[in-house]
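Letters A, B and C name the chains as they come in the text, with residue numbers starting at 1 for each one.
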Amino acid sequence: MAETKGCMIVQMSGDFDKVFAGFTLASAAAAAGMPTTIFFTFWGIKAIQNGNLTGKGLMGRMVGLMNRGGLERLGPSKFNFGGIGRWMFKKMMASKGVAGLQELRQACIDLGVKFYACKASMDVMEIGREHLIPEVLDVVGAAKAMKDADAASVQYFI
Amino acid sequence: MAETKGCMIVQMSGDFDKVFAGFTLASAAAAAGMPTTIFFTFWGIKAIQNGNLTGKGLMGRMVGLMNRGGLERLGPSKFNFGGIGRWMFKKMMASKGVAGLQELRQACIDLGVKFYACKASMDVMEIGREHLIPEVLDVVGAAKAMKDADAASVQYFI
Amino acid sequence: MAETKGCMIVQMSGDFDKVFAGFTLASAAAAAGMPTTIFFTFWGIKAIQNGNLTGKGLMGRMVGLMNRGGLERLGPSKFNFGGIGRWMFKKMMASKGVAGLQELRQACIDLGVKFYACKASMDVMEIGREHLIPEVLDVVGAAKAMKDADAASVQYFI
């Protein structure tokens, strides 16, 4: 992989399993020496927020209500059953020694994966920069995301 | 990006948010000078149809029933709540000055994004060429989609 | 496409329509002469299992219960309605002469598409190598998947 131009992931889903997949692929890419970027957009923003999504306006508060709890409260895309699916997945992963979302995100950060947040999504959901974890490098538009994607060897939309 | 070979998106989802993501990434790519193509397949076909999906046979009519309303009636992949999710998203986007789906699709067209529709999907869902917006260049198979993808720098499956 | 470096698909979804899309794109790529690989992970594992997901422990059995039936029992990502969606899709595809999942998977195998299964997913879901179809070449980690992706021209996350 001497010629790698890196990996660029658009993380749109905020489902537990798909955030898990995004962080796993990103950390694997970074560990293999590929410069790696994740562009968090729409529901994916949840994976890099500090606590809840809570905009000041009515709309922001409604989105906040529907998205309570941050990284540790994300449910899987299938079989959530009011939290049982998440509980079971965590239980299974822990019993198998698989890393949790917090650990995986930290592994990405430690391996130098670059985190960007989508400006339009944050505007619409009324999330401010202060609601994101400090490791997010910048809040950028889709043009920046496409430029990064164009420069990379591998692109995924998750 | 002098060396870009363009962007090729397979748009399978017909969810409001994912169609929004597809048109946003495509228009950003095209605006950045990347030759851009969207291959609409399965539920994604809805984003380029004129009005409803209504095949002549029983099956086509059943699909039509489940997919009434065209581009302006697409619900998001999460939190639709019988249309409230769509209403809220539109409201939030409008209040933030973010373009709607019709505008985004038009922006793609104006920027020269090429639209193709998947032949197998149209056959199965009993949708004819006449049910698609005239800007769709052609109805093609997966082989054409893969050829376009192979020639592009960036590929996304949405 | 003399310069193609091939196609690499991460198949995470186990939904009928998305497995269908994965096999269709993979077979189209392989038929066009592109070396093609599918890395099955999470719910996508279902597309290459022999019969049911049934781990020995409690967790494995719970996942098994939620995933009964193998390739022929997969429901679509939308409009399943307790099986009616799947039935309708199969009916429509059969009446249009479109291949079913078993045929599509066999076409991939016949065209030389390489199948790999995700080790972490199999550990968590308590699925053993013996539960997969013999055509799966190996059970590997995300690092191998990223290496294959990096070497390919086209990458999709489905």
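Operating definition for what follows: a contact is a pair of C-beta atoms (placed from the backbone, for glycine too) under 8 Å apart; a residue touches a chain by one contact, two chains touch by 3 or more.
As the structure is a computational prediction, the values presented were derived from the model and not from experiment.
Engineer: Looking at chain B with chain C, do both copies bring the same residues to the contact (over half shared) or different ones?
Structural biologist: different
Engineer: For the Cα fit of chain A against chain C, please give the angle of the superposing rotation, nearest 5 degrees.
Structural biologist: Here the rotation carrying chain A onto chain C measures out at 120 degrees.
Engineer: Find the geometric centre of each of chain B and chain C from their Cα atoms only, then give the gap between the two centres in Å, rounded to an integer.
Structural biologist: Chain B and chain C have C-alpha centres separated by 24 Å.
Engineer: Two-or-more-chain contact residues of chain C, please, as numbers and ranges.
Structural biologist: Only 155-157 qualify.
Engineer: Would you pull the chain C residues touching chain B in the complex into a rising list?
Structural biologist: 1, 4, 7, 17-18, 21, 24-25, 27-29, 31-32, 34, 78-79, 88-89, 91-93, 95-96, 98, 153-158
Engineer: Looking at the complex, which residues from chain B come into contact with chain C?
Structural biologist: Spelled out, the residues of chain B in touch with chain C are 10, 12, 14, 41-43, 57, 59, 62-63, 66, 120, 123-126, 141-143, 145-147, 149-152, 155-157.
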